[in-house]
Amino acid sequence: GDGEGGTITIGVTGPQSGGGALYGENVEAGIRLAIDELNEQGVTIDGEEYTVEMRALDDEYQPNAAATNAQRLVEQDDASVVFVPHAGGIHAAQEINTSRSEFLIGAYSSDRQIVERDNELTFMIPPTFASYSEPFIELFQDQGAERLGLLATASEYGQQWTTMMTQDWEGAGGEVLSNNNFDYGAVSDFASAVASALSEEPDVILVGGPSQTTALVIEEARDQGYEGGFMIMDQAKFEEMELFTDPENLNNSAGPKPVAEFDDPGTDELVERFAEEITEERPLTAETSLNFQAVALVVKAMEVAGTHEDPTAIREALPEAATEVDDVFRVSGFPDVVTDEGLLISDTLEGAHRDSEGNYEYFPVEIE
Amino acid sequence: MLEVRDLCAGYDTVDVLHNVNITAEAGRLTLVLGANGSGKSTLFRTISGLVRGRSGSITFEDKSISKLSSNRIVRAGIAHAPEGRHLFPQLSVEKNLTLGNYARRSSKSELKELLTRVFDLFPILQEKRSQAAGSLSGGQQQMVAIGRALMSDPKLLILDEPSMGLAPMVTEQVLQAVAEVNSEGTGVLLAEQNAQAALGFAHYGYVLAEGRVVLSGAASDLQNDPEVQKAYLGV
Amino acid sequence: MLMQVRGLSKTFGGLHAVEDVSFDIAEGEITAIIGPNGAGKSTLFNLITGFYRPTAGSVTFKAKDITGHPAHRTAQAGVARTFQTTKLFEHSSIAENVLAGCAAGSRSTLIDAVFRTPRHRREEKASMDKTLELLEFTGILEFKDEIAANVPHEVQKRAAVALALATEPELLLLDEPAAGITEDETARFGQLIRQIVARGVTVGLVEHKMSLIMSLADSILVLDQGRRIAWGTPEEVRSDPRVIEAYLGAGSQGSTSQEDGIQERTPGQGA
Amino acid sequence: MKLTFSIRGVGALLVAAALLFAPLILAEQNYLLRVLITGITYAIAVYGLNIILGFTGQLSLAHGGFFGIGVYTMGLLTTDYDWSFWSALLAAIVLTTVVGFLAGLLALRTREAYFAIFTMALGLIIYMVISRWEDVTHAYSGVLGVKLPEDIGPLDFSEPATYYYLLLVFLAAAAYVTYTLRVSNVGRRLLAIRTSEDLASSIGINVGLNKQLAFTASAGFAGLGGALFASAEGFIGPNSSSIDLTFELLMFLLVGGVATVMGPIVGTLLVLMLFEAFQDFQAYRFILLGPVIIALVIYAPQGLIGRLNQLTFYWKRRRAAAQKTAAGAPEQNSPADPHDEKTEVR
Amino acid sequence: MTLFIQQFFNGLSLGGVYCLAAIGLTLVFGVLRIPNLAHGALYMVGAYLTYFFLTSAGVPYILAIALAALVLAGIGIGMERVVFHPLRNAPHTHHMIAAAGAMFFLHSLVQAIWGADFRRMESPITGRVEILGTQVSWQRVTIVITAVVVLIALTWFIKKTVHGQSIEAVEQDRVGASLVGINPNRVSMLTFGLAAALVAVAAGLVAPINLIYPTMGDVIMVKVFAIIILGGLGSIPGAIVGGFTLGLAEAMATTYVSAVAGEVIAFVVLILVLAIRPTGLLTKAVQR
């Protein structure tokens, strides 16, 4: 379609520069790919054709910059939906999205607090990380692991993962060793922290941060002679880590399932398009695929609601829209249900276990 | 050797020198007299390239040096012991002195000779050779400044009030030494408040007032000039 | 005695820069300190004014022990000084320099300034008046708006004196105030110093220009290699063979003859 | 004298008027009002930085940290401890002042580069504490729902424009204090210290004490700015105490003009608006903004306000000189000696 | 005990990394007194250049480092000319902000050229050596040895050669320097060029044990500033002591206190040292 009726602007505020730039790029890639596809197919709202556009601003991962950007996107670009891919920015935007301005937040963060604030104009794109806890614990405790080492990144998200896992592991009768979390982005040499963690002889270690640094932490541990398992937080992706370290180092680990391994109808096409249109240097990951799905969902909701300007109506149309989205947009656990809180629930979500031979097995994960 | 023609110079918005003409002959001691603020230091700074002239020309050994930067001018053979000394305060006295030879790159033995000459002139510096220059007494620092200029064994030595802060005995020694250096063939351009003594050694002199040369002549003539006597000799 | 210095010493590493120096400064007089370069004169000033801590000895000012007091307390007690390499607030105008001297002694706080209390306004006015008076007194009023770094040498020297006087000292220590200024000017500087004394300020003076010293000083302290080698009236000092040997040199007669250029001094009260 | 004053007075009035009418002009542009609000809270902190850097010449790199202490005092007290805005504001000022005072005791023993790096380390430690002390600060999770000021009579501060005017009052106070400093004996004492500590102490200025007071007050302003920031934003995170923030504050100050009265506010708002304007270049805006910043520093090292003041000063001088040309009064000019290290302050 | 030895070597190699990165800054900040906040960005560019020569141009590792050093020296000189030279009479605060501008610029530029992706560089120096029952990689051993060698050579250069002395002279008095025939501009350029070349070597050696990404220099830069202040500005032995002290302190604090302690220890040590000795551990005799 040509979209003579006008344009719909999808706002994005994320890190485009600084340490989070790559992360922001991946998010934007997903949104852009979705928009291209949508325009290809044509978007019709209330009988009129529209072109969808993305308008992205850089917030350098800073909460207040994200909120300012969001407000700017709403006021200057008439965006009624703004995607924010970090917890701090989401919280800051939530301070204004139902009062000083009105807009729907596409929240890409797995921090559950986001949906617990009763913000009526938020929906949460990725599965909460709490979903991974139970299956991970079961997997490793079944193998006889008792001592859990902690070596995750010390960001908010890392700390929360750690707190959650500590409780759950102990709850399941395991022993949690001392916390050696450190800021993956702020330390020049991982060797010391890894050595400390290993000195307590853990059976399994919780790691996770950006894939690339996580891969290095894992490699360092293997180099120092560690042979146990790794629980990998959902931010790090097997498919990316494999490029940064000898894949053998990753044996005996559990983490999120690589996007390319999903059987959803649109997966293969997106993998291909990502390689063609974005880059071949890195694989498609959840940052891209989940936001890709979310854009399709929200635009479908506009169609359902018959408006692209009323955030409340769009939000209310999400559950219905979830059932109507075209197959090409279903790539890595497309949500079947959108809860009142704003959670996107998919019952095809799976985790991945790479066994000691280097083979992947997948296990179901329930979103909570 | 040094020819200054119609030189005008100054700072940002002030003009200090107005059409100054001065000649310093090789091997002679040329004295510049003038009240405070008359532009002596500015003249010297312009010659040694620290201040850019606005118009006029400066030639040294028949080559124009008015466009050269000060480090090039040193290489051409002009050494300037400036007002305010500009020593390297944290470096030792000896390093300050050897750096004075930087442009020359003399051989080890020559360097040693030059150093000996400076130490002969100012024995106290030998004693303090490894002390940081910044911790010397005011007069001692003045000695380092003069010594540093001598270390490049220049063809023309510019001394801006070398006796400033020196004890009377040392003042005389210094002027004597300057005369000696001069008699060995080094041209000297000197500004000095101790006009009495300086005129005794000088060959030729200029009097500067408000940036203009108001009087010039052989030193002996100046010594007898009533104006000079009144203003500079305290007679 | 306005100031009594007893057994004052300072060592730097192994060097005795000042060693066991005792002398007095009598009120209303000009006490000169002379000696070869490196004799310890500036160091002595630094010790008295609290810029260095003495290794031994004591300094008494107005019958109070001020040994080792920090510089600002010494200044507040009434001892002002100038520095050998003229120090000014280079980037401020001459008037602002002197104002700073007034500000230093003012009692008003930020609260006064914020609420423009009468005290604040009174002080502001007083500072302004005092500044103009001092500039006039030192003869540099016409330079008041010039930036300190750009005025001639001699004006800087005078400004430094005005700045020091702005703190209303009882004792003013001048470190080579006449270095680098013409004979002519030197003589006029001598007059200024005399007027300072006439204002009721006692003066301590380090100088190499013997014309100035001999015409002004009531008493002279002579240092050599940190030690006191003479202390007395100009006449006594001038004829002291040790002083002649260490400092004045054989040609000393030549320098004293320049005394003629300077007015006859008013007789002091004796050392 | 009168003339310069009036030129500067007019300039200040223009800025004040622009700030006063901003909410009316920006009626449809709430986001710009938001930028202004954030900008003013920063500017208040910049006034703090101006006291220590502008008036005593010591570069503090701890101010992002002090700002953060203000932010978190306000943030935590009004949420976890349910204090009112006003009491939390007071607490924030008191706490930063105390921290500033204690820090000053150690920091001011050092000078120049050492002081800068010492305070940088201090700022980083504050940041680390804020970003890691989960139990108290909630670390990276941040603090949600920081309170706005409670209503005073008919004034409802949840209305951005009203809150804006409240901030304007604080800003005016900060500017006024700076102005008073510039023209008072207190400020003269500090400026004396900045040029030469030795000379300052020789005229009886207690260098240590004055620097200590300046540093303490300076930290207090940063804390005030931080506390107001927290309330304006509603959500706060450790970012608001980072070293990057310190450098931003410093940049605002230098662009506006160190030791000037209007510099902090003009510099802050100008740079922030510049940042907003350059948003269109996305990630690559720093390819342009970087050189712009460098050019600003090189071509107006005294800052924009400093430069303007200098021009009015020259102008006044030239008139004065013209009036007494006959006397051939020497003209003022800036230092030409290549060794001069400091720029003019007026 | 093995843990202690292991951490000792970890600390040592980290110290080596710090020393290497600190050298250039010691010259530029410690000697020329320019607090070059873009030093970390230069380090980052050095890593990318090495990476580029190694992968895209396909030259051998050592040659790649050498080429990167050469190119970076050019960039350093350009930076001196364009950014710092016009500011030579301005206060240091201005250098800081201008350097920050340069840093933003380099971050953006590199991101524009190479993208924001993390990259990994392989070093031909592989394998591990067993020392006192612990495993230390050859790459780390190389870092420590290079650091020590470079630092000694540099100390010698500064103290003993006329060129080295001219750097000190320019720092202390530009006018005085030009009056003895030193070209202050050339010295500044030389210093920046040398500093940049050295930091490229540091980056080339360190990159293989870490990742390459546009902001990789930020972390190390703050630490490096801490180190040269800790050791005493302009003191090369100070930088060595400071670098290894912090490296070891970090390793030990991480092990025996907590990871957070490891991250802050550098700054705590700095504050403690300066509180006791306000001019650093090894300072020159006279302060200005």
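First chain written, first letter: the chains are A, B, C, D and E, and each begins at residue 1.
Operating definition for what follows: a residue touches a chain if its C-beta (ideal position, glycine included) is under 8 Å from a C-beta of that chain, and two chains touch if they have at least 3 such contacts.
No experiment lies behind these values; they were computed from the predicted model shown.
Asks: Note down the smallest number of touching-chain steps it takes to go from subunit C to subunit E.
Replies: The fewest touching-chain steps linking subunit C to subunit E number 2.
Asks: Note down the smallest number of touching-chain steps it takes to go from subunit B to subunit E.
Replies: So the least number of steps between the two chains is 1.
Asks: Taking each chain's centre as the mean of its Cα atoms, which chain lies farthest from subunit E?
Replies: C
Asks: Measuring centre to centre with C-alpha atoms, which chain is farthest from subunit D?
Replies: So the farthest one, by centre of C-alpha atoms, is B.
Asks: Looking at chain pairs A-D and D-E, which one is connected by more C-beta pairs in contact?
Replies: More contacting C-beta pairs are found at D-E.
Asks: Can you check how far apart subunit A and subunit E are, centre to centre, with Cα atoms defining each centre and the answer in Å?
Replies: 36
Asks: Can you compute the centre-to-centre distance for subunit B and subunit C, using the mean CA position of each chain? Integer Å is fine.
Replies: Those two chain centres are 29 Å apart.
Asks: Whole-Å distance, subunit A centre to subunit B centre, using C-alpha means?
Replies: One centre to the other, that is 75 Å.
Asks: When the centre of a chain is set as the mean of its C-alpha atoms, what distance in Å lies between subunit B and subunit D?
Replies: So the centroids are 48 Å from each other.
Asks: Pull out every residue in subunit C that's touching 2 or more other chains.
Replies: In subunit C, the residues touching two or more other chains are 150.
Asks: I need the residues of subunit A touching at least two other chains; which ones are they?
Replies: 17, 21, 154
Asks: Show the residues in subunit B shared as contacts by 2 or more other chains, in ascending order.
Replies: Each of 11, 14, 50, 86, 135 in subunit B touches at least two other chains.
Asks: For a test of understanding, state which residues of subunit D touch subunit A in their complex under the given definition.
Replies: Contacts found on subunit D: 28-31, 34-35, 38, 132, 134, 139-142, 144-145, 158, 160, 229, 233-237, 239-240, 276, 279, 282-283, 285-286.
Asks: Where on subunit E does subunit A make contact in their complex?
Replies: Those residues of subunit E that touch subunit A are 3, 6-7, 10-11, 13-14, 17-18, 107-108, 111, 115-118, 120, 128, 135, 137, 206, 209-211, 213-215, 218-220, 223, 250-251, 254-255, 258-260, 262-263.
Asks: Using the touch definition up top, name the residues of subunit B that touch subunit E in the complex.
Replies: Residues 48-50, 69-72, 74-75, 79-80, 82, 85-91, 95, 98-105, 132, 134-135, 148-149, 152.
Asks: Can you list the subunit C residues touching subunit D in their complex?
Replies: Checking each residue of subunit C against subunit D gives 49, 51, 70-73, 75-76, 80-81, 83, 87-92, 96, 99-106, 108-110, 112-114, 120, 123-124, 127, 142, 145-147, 149-150, 163-164, 166-167.
Asks: Would you mind writing out the residues of subunit C in touch with subunit B in their complex?
Replies: Touching subunit B from subunit C are residues 12, 35-39, 41-43, 84-85, 150-155, 176, 179-185, 187, 208, 210-211, 247-249, 251-252, 254-255, 258, 260-261.
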